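Just below sit the structures, each encoded as structure tokens.
What follows is a pair of complexes built around chain A, which joins chain B in one and chain C in the other.
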Partner chain A sequence: MDLLAQLFVNGLVNGSHYALLALGFGLIFGTTRVTHFAFGPVYALSAYGCWFIASALAAPLWLAMLGGVLTGALAGVFAYLVVYRPFERKGSTSLVILIASLGFFIVLENLIGVVFGTDTKVVPAPPSGIFLWGPLVVTGVQLVQIAALILVGSALGLYLTRTRMGKAVLAMTDNPEMARVIGIDTLRVSLIAFALGSAIAAVPAGLILIKDGATPHMGFLAVFMAFVAVVVGGVGSLKGAVIGGLVLGLIESTGMIRIPTEWQSSVAFVVLFIVLLVRPRGLFGGR
Partner chain B sequence: MIGNKRRFTLCVAAIAAASVFGSAFAQQAGDPKTYKIGAILAMSGGASFYGTVMSQGIKQAIDEINAKGGVNGIPLEAVIEDHKSGNAQEAVSAMNRLITINNVKIVMTSFTAPTQAIAPIADQHRILLMNGGGVSNSLVGVSKYIFHNRSLAADLGLSAASHLNASGVKKIAGLQWKNDAGDSIVNAVAPYWKDKGGTVVANEAVPQGATNMDTQIAKIRAANPDAIGLWMFTPETGLAIKRIREFGMKQPVIGVEFTPNDAKIAGTHAEGYMFINDYFAPSDDQPWSKAFAEGYEKRYGKKPDFYAANYYEGVYVIAELLKRGKQIGGDYMDAEVLKKALYSNPKFDSVYGGQMTYKPNGVAQKRVGLFKVVDGKNEFQKFVEVQ
Partner chain C sequence: MDYVLHVMVMVALYAILASSFNLLIGYAGLFALSHAAFFGVGAYATAILAATYGLAFPVPLLIGIVATAALGVVIALPALRIGGDYLVIVTLALQIIVTTVLLNWTGMTGGTDGIRAIPRVELLGLKLDTPGKFLPLAAIVALACYAIAWRLGASPFGRALKAMRENEAAVQAVGKNVVAMKLAVFAIAAALASVAGSLYAHYFTFVSADSFTVELTIYLLTMVIIGGTGNLAGSLVGAVVLAVLPEALKFIDMPSDIADKTRLMLYGVLLIVMLRLRPQGLLPESASAHHYDAPVERPPVATQLQGAALEGEGLSKRFGGIVAVSGVDIRIESGKITGLIGPNGAGKTTAFNLLTGFLQPNDGQVHYRGQSLRGLKPHQIVRAGVARSFQDLKLFTGLTVLENVLVALPDQRGDKLAYVYFAPWLVRKQERENLGRAMAILEFVGLDARAADLASDLSYAEEKLLVVARLLATGAEALLFDEPLSGLAPNALAKVMPIFKRLAQSGRTICIIEHNLDVIRELCDTVVFLDEGRKLAQGTPEQLMSDPELSERYFK
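Let's look at the complex of A and B:
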């Protein structure tokens, strides 16, 4: 029972991480319909931006985190304007854009390695402490990971439902063609989606930098889990993306109480397979 | 008549001279302009840290040797290819490029799966393979022409288990890479440990490149072992140490590697961590190791780890083989000739200090040490006999 409780806590932490990634990826994918696999290295670049500001410029960690968020947002906008927008203007199919995304993934990932080196980058962890509650252990950074989901998720929810531009993003998520017909500036909305989605991903990137360190290749698993969480939750549903991420984290962790851990990395595939088979539109996806 | 005799004598002299110089010329022509040493390393992908340090070791050795006039008066040249962090197909393509385009006869290899993939090609084309990084025991004898100047994983794991046994530990738990290297340690340690009357209370696995191992560590914590063995390599070793300590576990932790990268990740949590490894620790009484470490730091701004040392040392072994091969003569870059040259005297100077001896199975037996992290430094404790 103690082990199950610990695995549940671990799953909640990992799930919060996946949920934040899925929020960012889902916002971009749902709004623009671009399968932005380069989301992974953009996420990694945010962590490196945070590391650079904290290490090379010796800035406090909160400032470095902000710098990481800004790095992510700028990289997201760059990706859209330089990589995807030209193809959209030419009326390229989604497959062509997907291939461009994979190409940009490889280029950006290798660029990070060339510029920053391939060793793991770390920052001095703040004295956030280790909390022992009976048999349960949780670190301060893990608590911040859960809190970050609550804060960022709430802020995004407020932005999307209370502001004019947020409502435009939601309208485009719901039906891009109709949004264009009623006069919504879809280019502007796409830029906001890329900036916001990448900025959201920069938050878990910064926390992973503090917790485990950053490597040029940290983005692969991130974009993969974000993609699975979005599909499980339902494309176009941000609530679904969050729940998809949490479900994935919890199953991946608590499911290992009986299953040998060598199978853990297969869990996401199994969940994805079952959802696609039983409910192809995801838990909260529309028609 | 006299004229004819003189003409005949001149002809004979000319033929003799031509045959002498011709033979000498043929021998010169058999030499390449440069000795190309191929290397198939992890130059990109998740484990590119290895490729970076290995290639740096190779380049330093080659530059040093070339600065002294090369080998047999011929400079060495590195041709570095990328197996993209363990991709066997990439390794095969790289090997074919090295052979067909670069006409390479000697290849330095790394990682288990790529080495296994290129081994049959090496046998077919009689290419000498020098492994300084791959640790799986399945690499022993994978090719007729493979040599290892890296202690293999199972040997290191067994030595670690032997130390735990001598320390009175009864219940151990293992956290392993789920790949050939991790499996080869577990397959060696588990029967050894049972044979010694101990219990393996948990054995958890993570994939190579894992960034999250909380589930595995939670299960190990629940099993309450006396000590934990880390049957994995960088950077997961550093992360595992950090997370084990963050989970509040105070048991001794022992592993088979601890690179500067691991030290950076684990930070102060590494205090007390023990590891068995190839013993590369430059010191004043080992002039070559000291010179290598100083040169490396000057070139690359970082201290060398043992991977850099192994590949640096590997180039020197190859250079010695080329010298010996040249003395044997014929097609002396043929792997069979180089193999014969190696076993004509299997002792080679080691950058670790002293000499290493190649055993009949192709593995160089060299000093293996037990280290402990004390005040952030790797303190050598003692030599441990490879079981």
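Let's look at the complex of A and C:
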């Protein structure tokens, strides 16, 4: 029972991580319909940006996190303007854009490796608080991961529902053609989606940097889990993305009761198949 | 010199991988990014069977083919239900699972250490332990695999695959079994990739899971894209380009891991640039060559036949809370043209979908020639004699006009792989006959002059004619046309309408959905009026058009 409770807490922590990733990816995918595989390396780049500011510039962690968020936003916007937009303007199919994103994925991931090297980067003096709550053990960073989901999620929710630009983003997520027809500047909204989505993903990137360190390949699993969570939660539903992420984290963790740890990453994909076969729209999907 | 020979061996392996991958993504349009997994399973199968169990070449290769083909079928199962982006993510996920299994099933696969000391191939007492000695085997096997892939692509089966890629609903509507096609192409692509894997294992004598990752699949994807999807020779070109390109980098002095990454970056950039500048690839898609002038017999098209009535009783269809069709009885007699009219959203196309298996009714029955069509798939219903066209045409735009008609012809031996590989002369003979049939149909609708042109190059009126031709080609006696004449100018209408009359006169069972009242008056013997999912009236055009309530709803 204690083990299950601990696994549950771990699942909540990982789930929060996936949920934030899914939120970022879902925002981009739902709004622009770009299957942005390069989301992974952009996420990694934010972690590296954070690391660089923390270690090479010896800045305090909160400043480094901010730097990471900025790095992510810029990289995301770059990806859209330089890689995807030319294809959009040309009228390429979404499959062509998907392949282009795979190409950019390869380029960016290896560029990170060339520039920073393949060793694991860690922040100097990461916070090391541990909290004991009865039989449960949870570190400070893990708590921040959960808190991050709540904070970022709420902030995003407020932005999307209360501001004019945010509502435009929601409109485009719901129906891109209609949004264009009623005069929403879809270029501007796409830029915001990419900037915001990448910025949101930079938060878990920084936290993972602190917790585990950064490697060039770290974005790979991130973008997959994000994609799976979005599909499970339902494309176009940001609420679904969060719930999809949490569900994945919980199933993955509590599944450890029965499944050996090596097979952990397969759990997510089994969940994906089941959802796609049984309810292809996802839990909260519209189309 | 050894080095050059090594590169050539790699080219041979990549050629097998790229051409088999092209079958999946280029010909069939199935974006399955799991090819490295097939390659890896083939390699590991040979590694395990040769190293651990001591089986000699080619036994591990053959067993590997069977195992990987089975995996291909498993991976095909999600593809039956989903397409596009979802298929990409599912197949990538399966790829990751395969890698995880290879890394973790330590007992079988050596886990992260991989499998070493795989025995070399020994042929006629000669051990193939250098690139120079291995190259002839690699080249011959690569040639054989390429031939198998090529034969598939050039056959009627390959044509049906391309049609499926263009429009899956339409290819079902011309009688093709898409489930069987998808399973077959996955199995074959997987099997061919596993052959390359087997060669890889014997050549390198060491396999480890990190050689068979997603990055490799993207590398193969780049080869296919560069060479040209839908062109197997292009895949060879792509394989050569990407195998040779990294060698050019060797002239620049840099540490080896940076060189590796730079190589990878280069091909990522190459992929994006290629997509941007020439997405169709270096070599264009190969259209099958046809000798249009060859004196092939043209059998008559509108031959007299014994038609039968198509009957729908009490048909109902609900989508959640929306009732699309409710309690509709419709009887389409042979030798006559039945019109199906009503406002937009009345349920006319839904009724067609119910009659032809594209939707299953919630209630009601469909009968043709005394046989119930309930539960049958669209392609089975086409073979039973009932076929439909689509309001939005759904032409195979990437295929020529002639191919659009050819692919629709029934009972093609070339659709069955057994014939394609083991009795190609029978397939060739029937293709010649079908060529005659197809040209006869094109002459019947007046499109024979455009036979060699791509369907995407046709004018609107010509596209409508092609829709009719393709439907005729199915050989079904019951033909359901969904707005076949909408948008046609009067002179085009005058040309096309007699075609329908001749078809009805020949005994076929014809139903057309139309909005043009002049057409309805001119063509239809009886008309069924649908509104809000219910059949409101049936009668001659004059009877319906003089009815005040119907006029209120629609005619005014």
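FYI, the second predicted complex is superposed on the first by the 283 of 287 C-alpha atoms of A that agree within 3 Å, B and C clash if a C-alpha of one lies under 4 Å from a C-alpha of the other, contacts with A are read in each partner's own complex, and residues count from 1 in each chain.
Everything that follows uses one rule, which is that contacts are C-beta pairs under 8 Å (C-beta built on N, C-alpha and C of every residue); 3 or more make two chains touch, one makes a residue touch a chain.
The shown structure was predicted, so the numbers you read here are calculated from the model rather than taken from an experiment.
Visitor: Quick check on the superposition: with chain A as the shared anchor, is it clash or fit for chain B versus chain C?
Guide: Overlaying the two complexes on chain A (C-alpha atoms) leaves chain C and chain B clashing.
Visitor: Classify the contacts of A:Leu272 with the two partner chains as first (chain B alone), second (chain C alone), both, or neither.
Guide: second
Visitor: Could you say whether A:Leu66 touches chain B, chain C, both of them, or neither, answering first, second, both or neither?
Guide: After superposition on chain A, A:Leu66 lies in contact with neither partner.
Visitor: Thinking of the overlay built on chain A, is A:Leu74 touched by chain B (first), by chain C (second), by both, or by neither?
Guide: neither
Visitor: Is A:Thr118 touching anything from chain B or chain C once the two structures are fitted on A? First, second, both or neither.
Guide: Both chain B and chain C are touched by A:Thr118.
Visitor: Would you check which partner chain A:Ile251 touches, where first means chain B only, second means chain C only, and both and neither mean what they say?
Guide: Neither partner.
Visitor: After lining up the shared chain so the two structures overlap, which partner does A:Asp212 touch, if you call chain B first and chain C second: first, second, both or neither?
Guide: A:Asp212 contacts chain B only, not chain C.
Visitor: Scan A:Asn10 for contacts with chain B and chain C and give back first, second, both or neither.
Guide: Only chain B; A:Asn10 stays clear of chain C.
Visitor: Quick check for you: in the superposed arrangement, does A:Gly103 touch first (chain B), second (chain C), both or neither?
Guide: Touch partner of A:Gly103: chain C, not chain B.
Visitor: Who does A:Glu262 touch here: chain B (first), chain C (second), both, or neither?
Guide: After superposing on A, A:Glu262 lies in contact with both chain B and chain C.
Visitor: Which region of chain C runs into chain B, 201-209, 273-281 or 489-497, after the two models are superposed?
Guide: Here chain C runs into chain B along 201-209, and the other listed stretches stay clear.
Visitor: Could you pull out which residues of chain A sit against chain B in one structure and against chain C in the other?
Guide: 110, 113, 118, 220, 260, 262, 265
Visitor: Write out the stretch or stretches of chain A touching chain C in their complex.
Guide: The touching residues are 35, 83, 86-87, 90, 92, 94-96, 98-100, 102-107, 110-111, 113-114, 118, 220, 224, 227-228, 231, 260, 262-263, 265-266, 268-269, 272-273, 276-277, 280.
Visitor: So in the complex, which bits of chain C are touching chain A?
Guide: Interface residues on chain C, with respect to chain A: 31, 78, 81-82, 84-86, 88-90, 92-94, 96-97, 100-101, 103-104, 214-215, 218, 221-222, 225, 257-258, 261-262, 264-265, 267-272, 275-276, 279.
Visitor: Mind listing the chain B positions that touch chain A in their complex?
Guide: Spelled out, the residues of chain B in touch with chain A are 44-46, 48-49, 51-52, 178, 204-207, 209-212, 214-216, 218-219, 221-222, 235, 238-239, 242, 246-248, 260-261, 264-265, 267.
Visitor: For the complex, give me every residue of chain A touching chain B.
Guide: 2-3, 6-7, 10, 13-14, 110, 113, 117-120, 122, 125, 130, 132, 137, 139, 208, 212-213, 215-218, 220-221, 252-253, 256, 260-262, 264-265
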